[in-house]
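Taking it in order: structure first as structure tokens, then the write-up.
Order as written gives the chain letters A, B and C; numbering starts at 1 within each chain.
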Amino acid sequence: MKKSVFIGTLAAVSVTAGMAAASTLDDVKAAGELKCGVSTGLVGFAAADANGVYHGFDVAVCRAVAAAVLGDGDKVKFVPTTGKTRFTALASGEVDMLARNTTWTFSRDVDLKFEFIGVNYYDGQGFMVPKALGVASAKDLDGATVCIQTGTTTELNLADYFRSNNISYEPVPIETNAEGQAQYLSGACDVYTTDASGLAATRATFEKPDDHVVLPEIISKEPLGPLVRHGDNQWGDIIRWTLNALITAEELGVTSANIDKMSMEAGNNPEINRLLGTEGDLGGMLGLDKEWAKRAVAQSGNYGEIFDSNIGEGSPVGIARGLNASWTDGGLLYTPPFR
Amino acid sequence: MSATAEPEKGGFRLSQLIYDTRYRSMTIQIIALIGFLLSVGWLIRNAGQNLAELGKPLGFGFLTEQAGYDINQRLIEYNSQMTHGRAAVIGLLNTLLVAFLGCITATVIGVSIGVLRLSKNWIVSRLMTLYIEMFRNVPVLLWIIITMAIFIEVFPQPRDFRGEDAIATMKLFDSIAITNRGILIPALAYGPGIVLVFITFVLSLIGIVFFRRYAKKLQEETGKILPSGLISTGIFFVPTLVVFFAATMINLNKEHVVFGAKTLTLNADNSISADSGIRFCDTGGAGNVNAKNLMRANGIKFKSVPSYDLADSLTRMSSGNTRTGCDIATVPSGTALPEGLFVSEGISLYSGRPIELEKPYLSGFNFTDGVLMRNSLIALWFALSLYTAAFIAETVRSGIQAVSKGQTEAAGALGLRPGRITSLVVLPQALRVIIPPMISQYLNLTKNSSLAIAVGYMDITGTLGGITLNQTGREMESLIILMAIYLAISLTISTIMNQYNERVKLRER
Amino acid sequence: MSDVSYVRTEMLPEKAPPVGQQGLIKWFRENMFSSIPNSILSILAIWAIYAVLSHILPWVFQSSWNASSLTECRANIVAEYGEGATGACWAVVNERFPQLIYGFYPQELRWRLDLAFVGMLVALAPVLFDKLPKKMLWFTAVYPFLAFWLLWGGSIWLPVSIIAGFVLGVVAFKVIGKMFGSLAGMVSVAFVPIIWWLLFAGGAADIAQSIIPLSIQSVPSSQFGGLSLSIIIGVTGIAFSLPIGIVLALGRQSDLMIVKVLCVGFIEFIRGVPLITLLFVASTLLNYFMPPGTNFDIILRVIIMVTLFSAAYMAEVIRGGLAALPKGQYEGADSLGLDFWQATRLVIMPQALKISIPNIVSSFIGLFKDTTLVSIIGLLDPLGLSTNIRADQNWNGIIWELYGFVAVMFFIFCFSMSRYSMYLERKLQTGH
């Protein structure tokens, strides 16, 4: 490992070793922690509690990866990133992966040189309006004032949608979800638009959620997923298959409750065996040990459990599975087989 | 060693570069320059390498690409189909607007507070001290956010103005609406005779200048002091108002007619009706305002479509487009119209006074017509003004206190009245102390306006340094342009103000 | 009989002044109602105070201090003060207070932050109050390294080896200065430490650590936050900017044309752009300027940019101090035969710095307030934390309590510092 110290004084603080050639996996193992970029605060997806411990749907993905790679889901350094800083943080190596509600688009994948390793949430941009306005469709929104979060794809979708429908509107750009919520509730804007999951999460925290409706139109496809830098395929594979392991675990009925029992010895279902490392050595192919997937699932449960505890109908956010159900239940989650 | 044993006349030794004071400074400078160039070169090389690795070499082509996003406040034409460069210009204009407004109000508030703080009135001076300490010791970003929050939470939303038992009402004869989306003030619409009124107004301004010169000359020659403030005010208002009312009287004979592919119908009971969903070509102007008021008074639901002039309205009428097309318009009666268009029978409109106020009107989700000063603009403007005013107040106070008491006493001994002492003796001297720190306060205000993103005001940091940067991923280029622009603004302001400072500075002899 | 003239032989007893000329009434008449405009102003002022207080006070005091969520808080207030009552929910401040102060710094290590803060006060004391023994300045000199070690943890040998660089510099100055003259001494001061830090410091620290392991648990920058983060950024920025500012100020006053142009260019550039653009540079660009592969964390990058920012302002402050120094001091130093560096080091700078202290304090206040801007680039200073707390399901929708608390916190800090700088200004005013 080539260690280049950059101006001694600064070295200590955190100038990490410059290793253009070394792999991200080695870096993470050497550092003993996974640096994971998350949002600065979005209910249900990523937020820190009073003790500074992060919780949420996106956070759980980071923890699962940390558990798979390092054996401990708490060895994660969460780096809050804004819409503006997230890509630079990833490109410059400040974070090893970005698990933030980031939409998978062509230009981000190709032009910005990132690798989206899968989709952990199928979303779409929607509109929320107060019931009192009596609006039934987004096409009725002519002349409305619309709150949008800047630095996202939503503002481009919005401009396109209103232009193609010949509707005029007044955009109110806002920096954070909390601010958008304050503006919307006080009536400074008629409509709040963001990803439907974000709308549901925001609506859930209102004093009177029933006074607000999410309009039926979903104006964009927003596949959200974790991403890594181009060029390190091994690292990309690890995160891709960790996510797939979470999803497959739900499909196969492996939960955090029964995983210990199931992984004691090989069972009847060969795919479960391969997943949990009681048969074959899938982990070895990734450069990890046999039990990587077991640890990932054991950390905070399979995809379904993570969904339910953070944003599902059991949680205050209360989002239905919808598109995010397993393909066996009519959703879009369909992973390649573990073979 | 042997060569340097004897000093050679006129010869040059290398050691002279260090030990000879004639050359030493040159050596140091060249070393500094080389060091500087080397480090700059190193930084640029690194940046080039890194950017090449990421596959985005430096280039400003993105400025000509389509922006794709909308901006709510635009002083010049803009839509999402235009370029990133255009969006940056919109942002720049917004920055300049808020900086300009902020500097003016900050000066007014700051000077008043600085003077009041020196007041003998105990409670007022304490209150002003409280104000100054409160604003100076809390971060400006927090003030901006708090002002915005107050604005949003305290003022009523447009919905509250609706209905029989509306919670909120419009102020000042129904001409101003204060909502949490912004404050709507009446727009000006011009009618026949406006040119005359305007020329009169300009002439009276010139007249005031000449009068002031005359008054000064008179005072220097004869010592006679004219009540110049009163007379100036008279010249300012009287001729313009006279012409305005005269034109209004003449306009009483002028009429507008409504025409178009569709018509308004005059009913037997003198009420007017029309097809629902009628689209009105709004070319601006007093006649138009009266037409809209007439339709609203009769409960006709219509949609205004902005249009430039008669020719534009005619194209829009024939286009049949549901978004940009329109159905009816107004013209002065007697204007020749193409065939196939009907004039609404029996309905004629007063062409209007030279200047009519177009009041805000609640329709749909928002108020239409009138001028909307957005909440983000007002919050930013207020917060910056109040914050900077606290600093200006301190400057003004110390400036006034810096004028020696002897000056006031001497002026009193000459028999000047207190008002004149202030305006002729104290202020001119205080101004010299006040102006240099004032310049830096203006600069600070302008730079602080970049915090606009905290309230969603689309200034240059919000467009070029915000959305454009995000959408294109061109951090390097965007930030270079952004910094260059701020640098240019700062240098311009300080140059202008320094020149002014040169003019009022005490000439030392 | 004789002429009757009346001469009073004893003094009359003093009469009580008229009612309007004594006590409270007199005071009111003189200070608040001396004329009609004054009376109007007073009444307006009283009305304004009443209007503001009547809205704020009930809200502040009709509050709930113990609750775990906003809904619970609202329920508490309604239960206590009756239906429809609204009030502040200070419970959020109560619950998140440690976080707003310490950020995410590990709970069991927070004493290190406290200790560093106390140490800072002790280190500042000899600079700010000149009655204290001068020996304490040694602590001030060592303190930055101590603080660095306390805050970030890790091996103690790293700060020690960095100090060693300075010691080497001084030694080199003494030795080389004696051998080759003071200019060579100055050059060696610049180069010896840098060479040490670049090539040997890291290795030396590693060796020392392997011989005598002496380290405390290290804390990554990402766990810094809250008010302590503001203080760290502000204080480091000012401390590091002081030497750079001195160099820039001297450069700006120098006769050397190129040096002067470089310094003026730097100062005017930094002063011409808003801090937020420099922070954008820190958050998005700074890594591009480093050799490929290097990567510092965001707090360090922010500190670098903040230091550069405040160095430009510091240079102007010190330039003011230099300009305020009587010309006789420069001439006196010259007449003693001191060369430029000796004169600057022994005569000019000590005096110039002393008269600059009030302005340095004000520029620190400015910088401290400006640290709130880091919330815009996603750091969790008190303002950034407010956003984060509002994203917590329990506290979603809370506004005024957090902003109010943060505002009060900043006010207390800045106000006391500004009072101190005013006191200093009065003390230094020896002119008249």
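What we mean here is this: a residue touches a chain if its C-beta (ideal position, glycine included) is under 8 Å from a C-beta of that chain, and two chains touch if they have at least 3 such contacts.
Predicted, not measured: the structure shown is a model, and the values here were computed from it.
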| item | value |
| --- | --- |
| Of all other chains, the one whose Cα centre sits farthest from chain C | A |
| B-C against A-B, pair bridged by the larger set of C-beta contacts | B-C |
| Whole-Å gap separating chain A and chain C, where each centre is the average of the chain's CA atoms | 39 |
| Approximate Å spacing (C-alpha centroids) for the pair chain B, chain C | 34 |
| Inter-centroid spacing, chain B versus chain A (mean Cα positions, whole Å) | 42 |
| Numbers and ranges of chain A residues touching at least 2 other chains | 84, 88, 175, 179, 182 |
| Residue list for chain B, restricted to those that touch at least two other chains | 149, 153, 453-454, 469, 475 |
| Chain C, residues touching no fewer than two other chains | 280, 284-285, 287-288, 290-292, 376, 399 |
| Chain A contact footprint on chain B (complex, rising order) | 54-56, 68-72, 80-81, 149, 152-153, 156-160, 180-181, 322-323, 363-366, 368, 375-376, 453-454, 456, 458, 462, 466-467, 469-471, 473, 475 |
| Interface residues, chain C side, partner chain A - complex | 71, 95-96, 98-99, 103-104, 107, 148, 152, 154, 158-159, 161-162, 165, 194, 196-198, 201-202, 205, 220-223, 225, 280, 283-285, 287-288, 290-298, 300, 376-380, 384, 387-388, 390-393, 396-397, 399 |
| Interface residues, chain A side, partner chain C - complex | 3-16, 18-20, 40-44, 47-52, 77-82, 84-85, 88-89, 92-94, 175-179, 181-182, 185, 205-207, 316-317 |
| List of chain C residues in touch with chain B within their complex | 30-32, 34, 38, 41-42, 45-46, 48-49, 181, 183-184, 255-259, 262, 268-269, 271-277, 280-281, 284-285, 287-292, 365, 369-370, 372-373, 375-376, 383, 399-400, 403, 406-407, 410-411, 414-415, 418 |
| Of all residues in chain B, those that touch chain C in their complex | 18-19, 24-25, 28-30, 32-33, 36, 43, 46-47, 49-51, 53, 116, 119-124, 127, 133-134, 136-142, 145-146, 149, 153, 443, 447-448, 450-451, 453-454, 461, 465, 469, 475-476, 479, 482-483, 486-487, 490-491 |
